[in-house]
Structure formats: C-alpha cells, structure tokens
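Down below are the structures I want you to see.
Two complexes come next, and they have one chain in common, chain A, joined by chain B in the first and chain C in the second.
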Partner chain A sequence: MDASIAAILTLDGITTGAVYALLAISLVLVFTVTRVIYIPAGEFVAFGALTMAALQAGRAPPTALFTLGLGVMVFALDALAAVRAGSARGLLRSAGWNLVFPLAVWWLASLPALQQAGQLVQVALTLAVLVPAGPMLYRLCFAPVQQASVLTLLIVSVALHFALLGVGLVMFGAEGSRTLPLTDARWAIGAVQLSGQNLAVVLTSLAAMGALAAFFGRTLTGKALRATAVNRIGAQLVGIGPARAGRLAFAMAGVLSVFSGVLIGPITTIYYESGFLIGLKGFVGAIIGGLAGYPLAVAGALLVGLIEAFSSFWASAYKEVIVFSLIVPVLAWRSLTHRGMDEEDPE
Partner chain B sequence: MSAAAWQRALPWIALAALAALPWVGAPPYWVTLANYIGIYAIVALGLVLLTGHAGLTSFGQSAFVGIGAYTTAYLATAAGLGPLATLAASVALTTASALVLGVITVRLSGHYLPLCTIAWCLSLFYAFGNIDALGKFDGLTGIPAFELGGWRLEQGRELFYLIWGFVALAVLALRKLLDSRPGRVVRALKKGALMEESCGIDTARYKLLAFVIAAMLAGISGWLYAYLQRAVNPTPFGLGYGIEYLFMAVVGGLGHLWGAIVGAALLTLVKDWLQGVLPALLGQTGNFETIVFGVAMILLLQRAPEGLWGAVARRVGRRPAPPPPAGTAPLPAQPQPPAGQPLLQLRAVRRTFGGLVAVNDISFGVASGEIVALIGPNGAGKSTLFNLVSGVLPLSAGEVHFDGRRVDGWAARRLARLRMGRTFQHVRLVPDMSVLENVMIGAHLRGQRGVLASVFGLNRAEEDSLRLEAARQLRRVGLGEHLDQDAGALALGQQRTLEIARALCLDPVLLLLDEPAAGLRHHEKQALATLLRQLRQEGLSVLLVEHDMDFVMGLAERLVVMDFGTHIAEGPPAEVRRDPKVQAAYLGADE
Partner chain C sequence: MTARLPNPNLNPALNPRASTTRLWRMLPVAALALASTLATAQIKVGVTLSTTGPAASLGIPERNAVALMPRTIAGVSIEYIVLDDASDPVKAVQNTRKLISDDKVDVVLGSSTTPNSLAMLDVVAENKTPQISIASSLRIVDPVDAKRMWVFKTPQNDAHMMTALSQHMGDQGFRKIGIIGFNDAYGEGVITELGKLAPIRRLDVTVVERYARTDTSVTGQVLKVLAANPDAVLIAASGTPAVLPARTLKERGYKGQIYFTDGVVNNDFLRVGGKDLEGAFLPAGPVVVAKELADSNPIKKVALGFTKMYEDANGAGSMNSFAAHGWNAWLMLERAIPVALKTGAKPGTEAFRAALRDGLEGIRELVTTHGVMNMSKTDHMGFDQRARVMVQIKNGTWTLAK
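And now, the complex of A and B:
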C-alpha cells in the first residue's frame, strides 16, 4: 500500500463514517430519550435510498402508501381512544398529521412534474414521505409498552425490524438500486481524486450535526429532550410528556436516517435489506461511544468507517467479520474500566 | 390424581403421544417437521432460562447452533470422528465462545449482551461463508450417518427419538436446575442485581451461567442438526433464525419450559404454511412470513407478554413446596459475638455529590446486642449514609470498620460474607416466586450445592435444610401462613417483613433495616418491635433508619440524629427528645 491508496481509503472511510455518524447520533438520541434500541433505523436508510431511486426512475414511491397505511392505523387508534374517553380533543390534529399530510405527500410524490424537478425536490419529497413514519411507528409499537423493560423494548424493536424487512421486500422487490450522485464535480489533489459526492456527504453530515447541536443547545424543545434523556420521571413531573418526547425523538431519528440513505444511495447499491447492516455499523459506533455521548458516538462511527475501508482493501471477504468483531475488544475494554454494577431499577 | 396433578402431567402425556407418531404411519413429512421442531425447541429452552428467568437475551443463538453444526460437520468429515467426540467438541466450543462473549458483557447494562450477540452472529455468519476449510457459502456435505456402538440412525424416524430424547432431557435438567439453589438466583436476576448482591451472591457469575447453559443447548441442537441434515451451510445460522428462536420462546411464554416446545411447534408449522400461502398471494417469491411474525410479536408483547403457556400455567397454579421431612438437619448457625463489643464503627464518613455534601463527617458506632436508630427529617442524608455503610455507594472520605476489619470500599457482596444483612426502603423481591423461595435466596451463602449437583438431584438434603431455615424465619416474622403464595401477592407491610426474614436467613450479626415500619399497621408495628427485641436478646445488633419517632422511642437504646448531612445529636431516646437542636430540626424552630 502506498500513500495514495492510503489517502483514497481514508477518504472513503471518512465518507461512509460520516453517514454512520448520523445514524449513531440518531440511535443515541432515541435510546437516551425513550430507552428503545432502535434497530429499525437501518430500514429507514434503505427506504430513503430506494424512495429516491423510485422518484428518479419516474415512479411513485411505494413508501408513500406505506406511511399512509401507518397513518390510518394511528388515526384509528386515536379515534378509538377518543370514543372511549368520550372526547374528540386532539382528533382533528391527529387527522391532519396522520391522514391529510401523508395523503397530500402521496399525491405530490405521484406527480411526474415533481418527480423530475431536480434533486433538491426529490430529497424534500423523500423526507416528507418517510419521516412521519417514525413517530407513527413509535405510537403503534413502542408507546403502548413505554413502561416496559429495556429488554422488552429491544425485542419489540427487533420484531419491528423483522416486519419492516418483509414490507421492504414487498415494496421494492429483491432488485437493488443506485441513485444519481448529488454532483459530478471532481478535483484531483495529487494522485487522489476528490469527488464532489464525497465532499457533499461530509459537508452535509457536518451541517446536520451543527443543526442538531444548535437545536439541543438553543431551543426549548431541544432542552426538553435533553432533560428527558437525563431523567425521564423528572422531566415528566415538570410537564415534558414522555409520549411527545418519544415522537419527537423518532421524528428526528427519521430525518437523520432517511438523510443517511439519501447520502449513501449514490455511493453503493442499496437493496431492501441493506439498511440493517448499515444501521448496525452505526450501532457499533454508538457503542464505542457508550450509547450516551454524541461526540464519542461520532468518533466511534468514523472509526468504523475507516476500519471498514481499510479492511476492504486488505481482506475484502472478511470486511463484515472485522467490523462486527470490533465490538468484542470495545466491550471488553468497557467492562474492564467499568466500576460496580449497572442497575436498571425494575420499577 | 387431582385435577391439578392431571394438568401438570398433561405435557408429558402429550410428549409420549408424540413418541408414537412414527409408528402409527404418520407421513414422513410430519416426522421431518417434528424433528425440526425438536431441534428448535432445544434452543428455545435455553432462551427460556436466559430471557424468561435471567432477564438477559440473545438474538444470536443461531450462531451457537452454527458452531455446534459446523464443528460436527468438520470433525466428522475431515477427521472421521464419531458422534460422542463431535458432541464433546461442539459443547466445548460453544461453551468457550459463550464464555468470551459473556465475560465481557455481564457486568455492563443488560442491553450490551443482546447487541453483542447480534454483532457476533453477523460476524460468524460471514466467517462461515468465507473460510475455505468450511466450504465457504456452499458449506460442508457428506456428513456420515449417526452411528454409535453399532447403532445406526439414518432415517428421519430413527433420529426422531434421539432428538426428542434430548428435548425431554433438557426439560428435565432445566426443571431441576430452576428449582435449586443456583436456579433461584438465576430466577431472581431479572429483578436487578442489588438484592442478590446484598445476600452475598456474585450475580455476574450467574448471568454468565445462564448464558453459557443456553449456548450449550444451542450447541447440542447444532450437533443434532448436522446428523439430521447430513450437510451444513451458513444460511440457517444467520441472524434471522436467531431472531426466530427468540420469537419461539416469547410466543410460548418466556417463563415456561413447556412454552418453548409449544412456541417452537407453532412457529415452525405457521412458517411452513405461510411460506406456501404468502408468495402465491403476493405474486412474488421471498420470506414474507417475517411481516406476519414481526407484527404478531409486537402485538403479543403489548397485549399478552406471558405468552401461550403463561395463560395455561396461571390456571394450574403453583405446586406447594413439600414440607421438609422430619429429621432434616437445620442449617448450622454461627455464634453471636459477646454483647457490648464494638461491632460497627463509622469514622468521619463523608460523601459528596459534586458540590453537595450529603453526608458530612459522621462518626458513631453500634455495639453487639444493641439497637441503634438513625433518625432525621427528610433530606437529612440518612439513606445516603445507609448506602455508604451497606456498600452500595463508595465513600468520599472516612472509614467504616465492621467486625474488626476496615470495610469502606467493600462491595455489598463482601459485606454479606461478614454477616451483614439488610432490607430495602423500596422493597426488592421477586413477585412471581413464592414467599418461601424468596426467603431461601437469603440463605444462599449457607449452602454449597451447584449446578451439576442440582441437575443430578444430589442437593436434596441441602434443599430440605434451606427450606427448613426459610420456613423457620418466616414463621418467626409472622408470615408462616403464606409460604406458598406469590411474594408479589403480599401486602406492602408483609413484603417488608419478608425482607427481614430473608436477611435473617443470612445468619447475620448486624441487621441494617431501611424504614422497616413504613406501611405497617399499628399491630404489625408492635409485632415488629417485639421481634427486634427478641433478636437483640439473641445477641443480634440492629441499625435502623426510621421516620416513625414513636416506633423507635420505645425500641432503640440509642438514637443518632442527622440534619443536613451532619450529626447533630446522639444518646438515649428520652435525652435526644429533649435536645433543643433536635427539636429545632424537626419542628423548624429557630433560635
């Protein structure tokens, strides 16, 4: 290996690492706020890339119908609760978010004029189609068991991943897709080709992280989410509802993971099942950071990206083996430096 | 036979009926399905122990099945080893890999183990698929038939008995294990580690035990799989199958051994049916059954987390524990130190949380045969001090001496070995275990029998002694009528007294009681005071944290009063009551 190959691999590693970092951030966010280990985040990556691909191919994305279906179920639950409570409060709002909005997006996404209106519109449409599905899934799957143990929430999470995997196959079939690059620009720096795509991925990831930092540091809603992450019961007592915080966390995780899908779509061919592995690599990064801090999670994700890039050069067949085995020394180190016992209060 | 006994025997009768299946002309396809159900059930049984009882989980059991199957396939084809040697190697390899994964995760929070098993399962799947010696993604073929001492099992209907023999053995062994000294520890793990640690139990060791046993069962299942299929490839050992194993255990009912078999049967049959129906319905090929399984699992966890067998077991109820036979040897008790000797001493004990001094250089002592009460208004730092003494929190500065040793910085588990027993302010017990079993956990350190002795039934005498002791302590605290009830069904006051009985089972020299009178009715408080006086008579020392002034006034020799983290008064109750500083602290009077 010479310096130019090393530089190319480093560039690749940082690019994919940046995408994993966005995922790692969303996983830490969801875990700290709701205690859910959000395995299905990976499905949103795949659905994001494949929705983009469908739009670029001039097809109405099947995911629009999927979100509408989830919305109908959520609205049905809300309506049932309203009938039981004998009060229609909030039902109009629920109808707006769960029926009208997805219906409107479905209609917009089926307009050929919008499908071909350029990449920015396609990205906006993809986000509008998929992001509402996050809070809807929270409402349908996790909110009814929000008091359950981390273990139960994790099994629900894996079950949801299982179901979405099948749904993905129904929606997109077994064929993979690759989306058009965001830009064709290329620059040669010495022997290294720097593509506009790589740069765009890194820059937009940085922008997303900056926006997130501003959201947590500056806005009241962001501070409320942080409060919920620190102390769920305390936050509840001062009026930050766990259900609202949960929906918000899932919506933000949706934005981050769908956006990751949009970014990774032009770099590699995405199949309906590809998201799971990508999401898990984000997890490995987040675990390196202890599932708690954002900067550490980002650093961990970058490390995963770099190790993946270099191992694909040296031992390409064992790439996945190496990346996922990384968790063993990481956990061993955490275990050795760990003092006392972690205690999850059963109450 | 009583109705309940019939209901309990029913699963065995069903199993016997199943055994006749190959003889009554069942189609070969049925026998094949039954073989797979048996192989899956062995894995699911391990998950019942791990997830239903120990409160841990694994999505990577399929990887352990893979290790068993690949070890068998490789050794049988490349080295020509027979089934006994391949069984030993399979079990050894699965045990070793489970030990590695377990050791690095059991001391961390509960979600690291399942995440680790996911990563490990993926990594192993790709390793199987890329190693030349294991045939890459094509796998290994041509595994010789199962042959042992001239006994050759080749057909599905011949292997059927081998497979289901192992299922029956696994049920029997796990049942023995769960109803034993180590088994009770495993069953209590899901309620958090602190209670068991304070009984002197190394909970991480028992988490590891549950994980290793579950992995061993998966390894045995893989061994059987290799002889049934006579070929292996990576596909059935991927993560998807690992998730399905867990679903089997959840569907059947996580806490129930028979549930694992019911769940394995249900999932296998439904999957078989769906794989025929769904692709035709959707007009394309693929594993669409994952949608049905995923959605069903979410609904089940939301609506009926106890699973199918849970609903059955609730109707049958618990079999009462047999009373210990006459002539059961009581557990030996150690002598109490002579009265009046210094037993516990705190020297300038300090604890800060950031800038807040919660406990500010507190010093006092407890002598043997003495009842000392620690009192003070809310937020005085009593509970923090209690946690410092009992080894739950580390000290910021100062010394704690107990029984002639300096013990600050010791974990709760080590203190228990010096015979320090405790109760909790927020009751910690296992609601779905009987009152008697809950209290037997307290006597853990006074028994020795481990897993092997329990599985082979060599623990009878010790079990009788443990039961005798637990029942004796329960009668003593007034719960003698409730031995076989679920502990969760007791009233709160009774649950508090259960904790005292559990602490007494440790044969303690010092009893730390955290607000024992809270939630007790008047006559219950009186009975508790009588019990504590009687314990003092026997030479035991008691340190209690209490809110109820009237309760301590008539009981304790000495009161230690705290306010804002500092020691403000100490002495006999009558004297302390007159102390103006104490009155100011309690009534808010100002100078």
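And now, the complex of A and C:
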C-alpha cells in the first residue's frame, strides 16, 4: 500500500460514500418525519438506474406503468372515501395527480424523440416517472398505520421491500444494465486517475445536500417538515397535517434515491436486487448519525464508503462483514451515552 | 353395473324409484373409477428452479425451456408442476418434499444451483425418486453411492470446465494467475477447482480476491490484483455482475488476458459488457457456438434445432446455455420414459420411479445440445471431451477459440 494506491482508494471511497450519503439523508428525513425506516429507498435507487437504462435503450420504462398502477389504487381509495363521505371534493385533484399525471408521463416516456433527447431530459423523465410513486406508496402502505409503533412500521417497510423486489424482477428481468456516463472526461493527477463521472457524482451530491439545507432553512414547507420531525403532535396543533408531511417526506426521499440511482448507474451494473445493499450501507451511515442529524449521517456515510474501499483492498473476503460490523460499536457507544429519553414516551 | 350395492336405507315401499336412485348413485363411482385409470396413465414431472433471487438468470431460461417440453410421450400424458425456490436451499428442500409427497411426482427436475441440488439429495434418496439436477458441481453426482444413485445431472461438471480452462491457460504459456470471484458458493467452487488443477498445468495462483454480486465498485480488489501483476486473471462470477471486474481491470490499464467461467454465457452479459469483454476466453458448452461446429459433429444439429425452437418462443438472441441444460433433461426423459413404461410399471408407483431411474442410468449415446451423453453405474453425468469448447468473445459475440 503506497500513497498512490491510498489516493485511488480514497477517491473511490468518497465517490461511493457520496451516493450512500444521499441515501442516508433520505433515510433520516423519512424517519424523523414519519418514524418509518424506509428500506424501499434502495429499490428506488435500482429502479432509477434501470429506468434510465431503459430510456437510453429506446424502450418505454416499465416503471411508468408501475406508477400508473399505484395511482389507480390510490384513486380507488380516494373514490371510496368520497363515496363514504358523500362529497366529491378533492376527487378531481386526486384524479389529476394519480391518473392523468402518470398517464401523461408514460406517454411522454414512450416518445422516441424524448428518449434520445439527451441526458438531462432522460433524468427529468426518470424523476417524473418514479418520484410520484413515493407518496403513493406512503398513502397505500404507511398512512393507514401511521400511529403504529416503529416496529410495526419497520415490518411494513420490509414487506414493501420484498413486494417491490418481486415487481422489479417482473419489470426488468434477472439481468442488469449500465447507463451511459454523463461525461467520459479523465484527468491524471500523478498516478491517480480522476474520472469526470466520479467528480460529477461528488459535485451533484454536494449540490443536492446544499439544496436540501436551503429548503429546510429558508422555505415554509421545509420548516413545516422540520417542525413535524421535532414534535408531530405540536406540528399538528399548529396546522401541519402529518399525512401531508409524510407524503412530502416520501417524495423527497424518492427524489434523493432516484438521483442516487441515476448517478451510480454509469459506474456499475445495476440489477433489480442491487438497491437493497446500497440502501443498507446508507442506513449504516444514518445509524452513525443516530438517525437524527444530517451532518453526522453524511459523515457516517462517507466513513462507510472509505472503510469499504480500504477493506476491499486489504481483506476483500471480509469486506461486507467489516462494513456492517461498524454498527456494533456505534450502537454500543450511543446506548451508553444516551441520556434516557425513550422514543415511545408520550410527547 | 352388474353389482348391486347394499342399500338398507332405501325402503322400496317409500321410494318407488329405488332402482333408478341406485343407478344414479353408482354413476359417480363409475366416473371416478374411469378417471383414476386415466390418472394412473399420466406421468408427473416435478420441477423446482431458482426463478427469483441471485440465481434468477439461471432459473428463468430453464423455466422457459420447461415450458417448451412436450406434454405427451408414447401415448402417455405428462404433467409438469413448476415451483420456484428463490435460490434458497431450504425452499428447494420444501418444494421437493411437497412435489414428492403431495403431488406424487415420478421425477424431480432441479435445482438450478449447486447448494440447492445438494440439499435435495437426501429427500429424493429417502423417497426413492429420481432427480435430474441442472447445477454444475461434480459433488452432486459423484461418488455414486446409495444416495446419489438416484441423482443425474445435465450440465458439464465444473471440474470439466476448469480442466479445459486450466489447459488453455497452460497452453498459452501463462504462469502467474490472479482470481477475482464471488464471495459465495459459486465463486468458492471455481476457486477451489482451479486450485486443485493449477499444479498440474504449472500455474501459480498468486492472488485471490472476492467481491459481492451487488458491489458498486471493485477498485480495491483490482488494485491488489494489479499489484501482483499476473499474466492472466480469471473472473469467477456469473451473469452480468461479472462485467464490473473486467471493466475496472481495463480502466486501470491491465494488459494481460482475462478469462471468464461458463456462468456468464448469456447475451445480456455481452450487452452490458460491450467493448470491455473483447478478447476474453471462457470454457463453454458447444451450444453457444453451434453454428461454427463441424457439420460432422452430431451435437450441431440438436443444438441448432433447440436454438431455433427457443428463439421462436422467446425472441431472437434470447438463447443461452442454461435453457439448453434444461432442455437436455427432457432429452434424457424422452429416452428413459419409454424404457420405464415397457417394464409394465404404472406411473405414480415406486416401481415406475425405480424403472425410470434404471432407464436414466441406461442412457447411451444420447446426442444433446451440449454433448453426447453416456451414463453408467459410476458416471451420472455422462459427457466426454466433446461437451466443452473454448470460446472467445470477439466483436461482441461468442466465437470458437482457435
């Protein structure tokens, strides 16, 4: 191990750490607002990359139909509620978001002109296809049990993960795909080769984190989300609905996860199962941040990326063991220094 | 209809149509009797494949091949019961038990992976049911003892493939070899086999690295391999995840020879790998290069015939060697079932299963898509040298290595 190898590994670790950081942020966001440990975030990573691959291969992405299917289910629930309440208020809006929008996006994504219109358009289409699925999943799976304990929500989350795995296999098949890189540029600094793609990953992650910080600090909606995260009942008392906050949190987690998928697609082959492990490593990063603070979560995710890169050099057979064993000392330290406020206590 | 059923509840004084009622009562019994004679003439084939999970790229083409298998043979109908074991040995054993005890199958096809097939051995031996496995390891059928006498397999043994691979490496003059493999049973199997064969070919395996199927980067492993500067690197992986080390090696400037195993033989791998795979060697069954085989080779006709049938059903370019392994199981049954029926045993009975096992063991000179099969009491795989060729990836397609 000399300096150049260490430099290469550090660069590699930071790149993957940046992707894990995006996932860690989305996990912390969803957990603080809704108390859901959002394991399906990993599936959104894989779906994002595979949707991009489908667009680049000139095919209509099957995920557009998936979102449409979810939209139909949500609309059916809304219609049922409208029938029960005896009023059609809000049904038109529901139809617009859950039926018309996914349908329009599906039609747009099947147009060859848009499929070949360049990377930015493809990314925009991928986001338009997948991001609405987040709030729909919240409405279908988590909103009915939003008052339940964290354990129940975790069980629902894991069940949803398995369901999405099956859906992913049907949509994309067992084999994987790669997407085209954003840039093929390469710079050599000494013995280290800096690739434009890796730089793009780190820069876009930083930009996403900056945008998120601005959103939470400067906009009313962001502050409302933060309020819900701090104290849900208090936020409800001042007029911030938990359902709306939950949907927004899931939508933002969707944006971050799909974005991670788009960033990681050119670097490695993604297939329907790849998302789970990526999400899990983001989760390890979030745990290091105590599932509460964003800066610590980002730092934790970067640490995971670096440790993974270095242990893949020194002891590649035990790399996974080393990365996941990180949780043990962190949890031990946290439980020893914890000042004793139980999460399940009445707020 | 001549036997009169004893019917104490029928009082002819109260029921003037007692005789007609008796007739109606006998009809369902007669129908069932007729149906059961039809049912015993039906052969049941139980299939458990890994169509989901990490081995899905093996199981899905095999299931497509099962869908193409004929539904009758020698005037007897065949029913296929297909179950998915999700690449999990526990589930594979559960499926096998269900197939044998609930569905009373005459033969079990499966599973797609070595751990699953090994787990199924005990169950099929205990219930004296023949098993045709579609997995790669030699240990599934060797040595042929009391348990393994019931088990046969269609793919070439991994030892077979590794012999061809190591021989090619030795012939090309490579001495220092590096391996990057999966950190699961597949990678372990390949690494162990090559380790056994390396001394014979005077190969020196200087570095062995592992990576996980879902890894996003293998930079560390590749750097370690490059530091050892081997003449050739073997990537012991299957399916599209095998592209990642090849790409990383090329990116890091590796100029030596890259080898793959036969686990990558599907066209998705070529699609994802693109230019990074150019020039790589791998051992494979002849079915992928069927067009280039000599016309005098009997395998060519069977392989091309199956390729056409499979691609007509599943799309051009969908052909892969795992589907061919699945189809070979049918070719074996096509030979063995008439032999078993001729002994007079009825399907669904233990005698039929034993006769079927004998029929499978007695297969001689069966031309399959991958090779010519000759089973024997000590060899339940049956392939010889003709069943493997060295293939090179040139211009994004499989070509016969010169």
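Throughout what follows, the second predicted complex is superposed on the first by the 341 of 347 C-alpha atoms of A that agree within 3 Å, B and C clash if a C-alpha of one lies under 4 Å from a C-alpha of the other, contacts with A are read in each partner's own complex, and residues count from 1 in each chain.
Assume a contact is a pair of C-beta atoms (placed from the backbone, for glycine too) under 8 Å apart; a residue touches a chain by one contact, two chains touch by 3 or more.
Nothing here was measured: the structure is a model prediction, and the numbers come from that model.
Quick check for you: in the superposed arrangement, does A:147 touch first (chain B), second (chain C), both or neither?
It touches nothing on chain B or chain C.
Of the two partner chains, chain B (first) and chain C (second), which one does A:19 touch, if any: first, second, both, or neither?
After superposing on A, A:19 lies in contact with chain C but is clear of chain B.
Once the structures are superposed on A, label A:87 by its partner contacts, choosing first (chain B), second (chain C), both or neither.
A:87: touches no partner chain.
Kindly classify A:177 by the partners it touches after superposition: chain B alone (first), chain C alone (second), both, or neither?
second
Does the superposition put A:221 against chain B (first), chain C (second), both, or neither?
Touch partners of A:221: none, neither chain B nor chain C.
Once the structures are superposed on A, label A:231 by its partner contacts, choosing first (chain B), second (chain C), both or neither.
After superposition on chain A, A:231 lies in contact with neither partner.
Looking at A:271, would you say it contacts chain B, chain C, both, or neither? Reply first, second, both or neither.
After superposition on chain A, A:271 lies in contact with chain C alone.
More residues of chain A in touch with chain C or with chain B?
If we count touched residues of chain A for both partners, the winner is B.
Between chain B and chain C, whom does A:309 touch in the aligned arrangement: first, second, both, or neither?
A:309 sits against chain C, while chain B stays out of touch.
With both complexes overlaid on chain A, does A:5 touch chain B (first), chain C (second), both or neither?
A:5: touches chain C, not chain B.
I'd like to check the shared interface: which positions of chain A are touched by both chain B and chain C across the two complexes?
Touching chain B in the first complex and chain C in the second, residues 166, 169, 173-174, 277, 317, 320 of chain A appear in both lists.
Write out the stretch or stretches of chain B touching chain A in their complex.
Per the stated touch rule, the residues are 51, 55-57, 59, 100-101, 103-105, 107-112, 114-116, 118-120, 122-124, 126-127, 130, 190-194, 197, 203-204, 240, 243, 246-247, 250, 282, 284, 286-295, 297-298, 301-302, 305, 411, 426, 428.
Can you list the chain A residues touching chain B in their complex?
Touching chain B: residues 37, 140-141, 144-145, 148-152, 154-156, 158-167, 169-170, 173-174, 277, 280, 283-284, 287, 291, 317-318, 320-321, 323-325, 327-328, 331-332, 334-335, 338, 340-347 of chain A.
Once bound in the complex, which stretches of chain C touch chain A?
52, 54, 56-57, 59-60, 183, 209-221, 223-224, 227, 239-241, 243-244, 251, 266, 268-269, 271-272
In their shared complex, at which residues does chain A touch chain C?
5, 8-9, 12, 15-16, 19, 166, 169, 173-178, 193, 264, 267-269, 271, 273-274, 276-278, 309-314, 316-317, 319-320
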